[in-house]
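So that we are looking at the same thing, I have put the structure below in structure tokens.
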């Protein structure tokens, strides 16, 4: 079962951002969200991840299918790389921490405290967390920030392998990942329009 | 079709209070003035407490409204959490400063009354102590509102704080009773037979209490209107920014 | 769940985790009070139960804002909220970790500080029992306050203003147990009430904490 988003509207801080967003994600497919800064990509991803309610519309997907990765990686500076990843593996009840480390090229750094990692290495550690969740739908917000070209290629490989196993990926990103099979969704046509004054909504005095 | 929830519509609320607020405000002034003037100048002096007792006409209504204001905030918070009516959340926000001031009036008039009666401005008596704690709860509630930018988040968080705070305020009340049995006299008004207060006092006291109730209502209506306009303004600014 | 507990404990114990600050504060308070009040055994013995309880309360308060603030800043809280662990459980575990790193050490050192304040001999047992029963409530109530203020910039001071009034019942009954114990009176009622508040807070407040945390994350 995939992810189906129908007519979803989202708001940030009470201001509507996107209106009537619809898309479907089938197993093995990736979808890249495009749109200018501040258009509501992050908010839409948070809504899909279930952190925030949608103003309207429906999101259908199997329960506990989504793994979410935000701008911040949730890395504890005083824990080692292996400890950081091991924690998330334990939370998700999976055992793939070691494999995930080698997959993201972090094997040599396993014992190093996370505060001594470079920005790109931290990002790779954050993405390694996705591998240990064991969840089919990856919801990624700007996954390639601070990655070098080589790491971007590595990341694209990891996503491709995930898709090949029937996984799905929903991403907001500005750069070309080298994933030609990914569908692009431009959010500009979905920019929310405010209701006309006097339209008669119940709380219309507020918007 | 005359459901009370209609008044939770901001527009309907504004239209109704356009004429209701002046009426309530005028009634509040007349009734309170009647109660206080009657109480201060047309009641006999107490044989034991002399004229000092007349501060009761300020003290008791203020103390009553201090508690009622919190109860009203509790109800309004529940309405917001369950039915998501913005006006309800804003009314709770508008009631808090009024309740805070009422608590302060209760504490100050109590101190002024207590000085000649008990020979002290302050005593760690359960009633006084729980009022001081209620004052702290009001402060915390207002501080939380003031600290949050997003109006809906603020409404949600303060509503939950109000619910949880109510439980702890009641617990504190019983803890204070347990802690010190106290020298405050029993409740000034009591529905039980054999009340200690003569009708010559009771009648103006009831008038004064009604007056304070009306003052509270007028201030809350005015405060809610201000809050609705402030939100409207915020919404218009946001609309401007989007266009 | 156990992974979360061990992670939080490990973070508290490593450099910059702030473990021990509460204890040090508790100790300083027990040193400052006699300096302010005077060294008379009688006076100190009389106020010792109250001072020790107020000290425990303030020491608890010190570390409250760390419960969620760090996880909120580095994004862990968002990730935990989408993880297959109910947020109510996360909140409870966080409160437990706070109690283990703050409340429990306070209980353990309190007899030493009782010695400094000439606490009457017969009430040492009740001091430990009352703190043991009461401090979990302090952690749970504090977790609620921390969840309320997690997204705020100047949250620390506001947190104290919100949490301290809610500490009143625990403080009253806790200190009452010790001072009654010192006077050789029966302590059954205040101890039962103290335990009741702790049980009620531990059972119900995590739901409120998880609710406000969800609101704050949205």
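The letters A, B and C name the chains in turn, as written, and every chain counts its residues from 1.
The rule is simple: a residue touches a chain if its C-beta (ideal position, glycine included) is under 8 Å from a C-beta of that chain, and two chains touch if they have at least 3 such contacts.
Please read all numbers here as calculations on a predicted model, not as lab measurements.
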{"item": "Innermost chain by mean C-alpha position", "value": "C"}
{"item": "Comparison of A-C and A-B by number of C-beta pairs in contact, larger one", "value": "A-C"}
{"item": "Farthest-lying chain, centroid of Cα atoms versus that of chain A", "value": "B"}
{"item": "Rounded Å distance between chain B and chain C, as computed from the means of their C-alpha atoms", "value": "32"}
{"item": "Between chain C and chain A, distance of the C-alpha-averaged centres to the nearest whole Å", "value": "37"}
{"item": "Centre-of-Cα separation between chain B and chain A, whole angstrom", "value": "48"}
{"item": "Sequence positions of chain C contacting 2 or more other chains", "value": "218"}
{"item": "Shared-contact residues (touching 2 or more other chains) in chain B", "value": "none"}
{"item": "Sites on chain A touched by chain B in the complex", "value": "13-15, 192, 194, 202-207"}
{"item": "Of all residues in chain C, those that touch chain B in their complex", "value": "141, 144, 148-149, 151-152, 154-155, 158, 161-162, 164-166, 168-169, 172-173, 176, 189-190, 193, 197, 205, 208, 211-212, 215-216, 218"}
{"item": "Chain C partner contacts - residues on chain B that touch it in the complex", "value": "133, 136-137, 139-140, 143-144, 147-148, 153, 156-157, 160-161, 163-165, 168-169, 171-172, 174-176, 178-179"}
{"item": "Complex contact set, residues of chain A against chain C", "value": "49-53, 64, 66-76, 78-79, 83, 86-88, 90-93, 129"}
{"item": "Chain A-facing residues of chain B, complex", "value": "9-11, 14, 86, 149-152, 228, 231-232, 235, 238-239, 241-242"}
